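Each of the next two complexes has chain A plus one more chain, namely chain B in the first and chain C in the second.
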Partner chain A sequence: MLINSVVLVLREVLEASVLISVLLAMTVSLRLSLRWLLLALPLTVVAVVLFAFSLDSMTDALDGAGQEVVSALLQVLVFVALVCVVFVATRVGRSASVMAQPMAIFMALATLCALTRECSEILIYITGFATSEEHRTAVFAGSAIGATIGLSVGVLLYAALNSLPERRVIPVCHALLALIGAGMVMQSSMLLEQVDWLPSARQLWDSNVLVNEQSLTGQLLYAVFGYEATPSLLQVSLYLGSVALVVCAWWAGQVVGSTVDAA
Partner chain B sequence: MTGLLLGAGALQAKTPIFEIEIRDHLFHPEELRIPADTKVKLVVYNRDSTPEEFESYELNREKVIMGGRKANIFIGPLKSGVYPFFGEFNPKTAQGRVVVE
Partner chain C sequence: MNSIRTYLVVMLVAAFSLVSFIAALNGYLSSMREAEKLLDKQLAHASDILRLARTEGISSRVMDQRDGEFAFQVWREGELLLASEGSPAAPIGDFSEGYRYANFSGYRWRTYTLQAENKTVFVVAERADLRHLVAEKVVLESVLPLLLWLPVSALLVWLLVGWGLRPLRELSNQINTRRSDDLSPVRVRRPPRELVQLIDSTNSLFARLAAAFEREKQFASHAAHELRTPLSVLKVHLHNIAADLPPGAPALEHANAGVERMHHLVEQILDLSRTHPELIQAKFSELDLHSLCQRVTAAAWPRFTGKAQVLSLEGSPAPMSGDPALLETLLGNLLDNAAKYCPREAEIRVSVSMEDGYPVLAVDDSGPGIPAHERQRVFERFYRMGGSGGSSGSGLGMSIVAHIVTVHSARIELVDSDLGGLGVRIHFPAASS
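Then we have the complex of A and B:
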């Protein structure tokens, strides 16, 4: 039970922890305020509790597709918020302190949407075992260990990003956000396939032989790049399309930025 | 309009439905045989009072099912093979597989 809890909680925490580390590294590098985190955390607590306690009725909504549709929507929202973060960040780097406000909103939105689903699953898991005297201690201890490992990976990533040469930090963060965001879009498409809102297609390849999705490396790659060992054509297209959109946002931010500078 | 609705109903009726129950953190049946190259709808009933998460890496599926509730999960069309699934909240006992043939 202990190991199960470690693995389950670690999987959920890892993804959120990686995202927050990248956003934190960007905030510090751009010399912005950390108030987005203060804004996001209380809102997240409310959203997590609401999500977890309405999951019953949510699952039955939309002819049984409610849980997936809401989760997919949250993941797409994370991606949209990340595209906005990249667009705005490219301009913040140049001058405009007026960009600090929208930046805080987009970072808070990305954090809120990314944490809601992951944390409600942990909450449902832990409360599900809270009444079981047999498993309670193992579940609590395992969850705490899993969360600690997940957060430690985040701290390590943050430290690594911080130790990069100043001019490298933002481009590396943008690249990571592109991959994290694309992974979210890809996952959302799988959720919609699960309830038949999107057609299910044959898998393109199986890379489990190279990196098993269930291995530690697989899980880590999943958290950072949304690694999927058996994707379909739709998923690969969505992934590449999403990365391309982030690159466009970065390019558009630069063009707008240089126009503003020239004026 | 009625014709359209009936048509949609007929289309839905073509998707075979398979039922699985979760009881005492075990899947009943543990093995589900489904036809190859066919989309099927799994209806998973959680008869336990505690929540469970239906999860399968091979099928790319994951869904939390609260205690005493049911969940619909569409899978396929799949090629022949064995696709394991498990209950992520009780992975030691809750193990099962979809056999596509």
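Then we have the complex of A and C:
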């Protein structure tokens, strides 16, 4: 039970902490304000409380697919916000004062959606076992260990990103956001496949031999980059398409920036 | 994270937690595997005991005490000879010897099959979830302290990092708390290797600054001597020439006025240099600002009577801490400006008051005043309003005032006076500070 709790909580916390670390590193590198985080955190608390209260009705909605669909929707929203962050970040370098506000809004939106989904998952898991006396200690201890490991990785990633040479920080953050965003889309596609909102297609390959999907590494790779050992053509297309979309957002930001500067 | 201490503590706690928790998880998994092996051995022993009991004719009822947690079957050639209460009628798994898992009675079971002589097969089973629970309880006892002691280790890291950064804090305190004119070398007791270079560089910078200030100070005093002497000689010569010329000769009048202006300018430049906040060594003492103003206004009186201007002093005693000589220069300059820039018969009022326990000096006049957009610029050196050379001012008076205000940690503001001209307000700190 302890190891299950560690894996489940670590998976969720790691996803959030990696995302927030990358956004924080971008904020520091672009010399922006941390207001977005101060805005996102209280809103997350409200959103998680609302989520918890409406959990029963949400689960029963859409023929029992409500919770999965809401989770998938939140993940897609995170991806959209990240694409906007990459687009705007390219412009911030040129006109920081104008772009700081939209940047803060998109960062807050990405953080809010990601944290709401992940905190809700953890809340559902922990409250599910809170009444079971024989499992309570293991679940709480496992959750605490998982959360601490996840936060520690986030803190160290932030330090690593900050220690990069100034000109490398933003490109590395963009690359990480592309992978995290694509991972979110991948996870949402799996959720929608589970509830038959997307067709189950034939698998393209099986990489369980290399990294088992159920192993700790597999679970963590799933959490951060949406690793799937037996992906379908649709999933691979979605993943690559998402990465391509982030690259396009970066390129569009560059082109629009050059046009505006030239004008 | 702008604090080195916070940064180090967060990073160290994160790294420490990550490594120790991953190690704890590894330990947990290894311990669980060992516990499983131990429980498997016990299961094998149970099958031995069952075989022995069967061989010796002892009732196997003794094996059937752990109600619902343990099950067994004894088979021979497809016939169930003996079974625990609640075990299924069908065989629990196949009859090949070894450990495996089986599902029956709504639970998952860990089973062990023992093949004995005369084709008798003994199968013992234990509920897997309970085995796991027992093992986990034991292993958890070794993991939990790590979790519970994490805040203590974080506190220790906080204290140790603070202790390690003490030389840096000491250096920072020494630099922060020293007076602005104290350029003596900083001394840190047993400085760490990383700080030696910084301390050396700082001390070298202080030494160069002290030398530069000393040179500037010496230049001011030398310049005072070198400029005053020829001016005095010039004045004597003009006096002698005056004896040979008819009284009121215009050329002589102009020459005298020029020498006077130069004399004033030299004195102002020297005052400006002497009152520089970085160079001056002010001699602070407790004084009454009102009494000081009385002395200065009395001395300045003749300057105002020439233009029929009215100079008045109002207010009450205001104790404060300050350098009397500098404060006299300050008020003298303000009055000098008022006398110069105000027209004939103008009114000039000096007032001293206490506002919320802080002494305030105010000089108001009914002159032309200063437009709001030019008020900040009057403190610049050689700035004269409108850039006119019409007045006899050097453009240094207000710069000297600003220097003396800074030396006294006071605040100056220029406002519209109720007399219609300029109002100067100087807010001094309280006497105790």
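Here is the rule we go by: the second predicted complex is superposed on the first by the 262 of 263 C-alpha atoms of A that agree within 3 Å, B and C clash if a C-alpha of one lies under 4 Å from a C-alpha of the other, contacts with A are read in each partner's own complex, and residues count from 1 in each chain.
Following the convention adopted for this analysis, a residue touches a chain if its C-beta (ideal position, glycine included) is under 8 Å from a C-beta of that chain, and two chains touch if they have at least 3 such contacts.
Computed from a predicted structure; not experimentally measured.
Room for both chain B and chain C is found when the two structures are superposed via chain A, with no clash between them.
Touch criterion met: A:145 reaches chain C, while chain B stays clear of it.
Touch criterion not met for A:42: it reaches neither chain B nor chain C. By the touch criterion defined above, A:137 lies against chain C but remains apart from chain B after alignment on the C-alpha atoms of chain A.
When both complexes are overlaid on chain A, the residue A:171 reaches neither chain B nor chain C.
Of the two partner chains placed by the overlay, neither chain B nor chain C lies in contact with A:241.
Of the two partners chain B and chain C, it is B that touches the larger number of chain A residues. Taking every C-alpha of chain B against every C-alpha of chain C after the fit on chain A, the minimum distance is 5 Å. Contacts of chain A with chain B, set against its contacts with chain C after fitting on chain A, overlap at residues 1.
Chain contact summary for the complex, chain A toward chain B: residues 1, 4, 8, 55-56, 59-60, 64-65, 67-68, 121, 124-125, 128-129, 132, 190, 193-196, 200, 202, 213-214, 228-230. Across the interface of their complex, chain A is touched by residues 10-11, 13-15, 17-18, 21-22, 24-25, 28-29, 132-133, 136, 139-140, 143-144, 147, 150 of chain C.
Of all residues in chain B, only 15, 39, 41, 50-51, 53, 57-58, 60-67, 69, 71-77, 79, 88-92 touch chain A in the complex they form. Chain A contributes residues 1-3, 6, 134, 137-138, 141, 144-145, 148-149, 151-153, 155-156, 159 to its touches with chain C in the complex.
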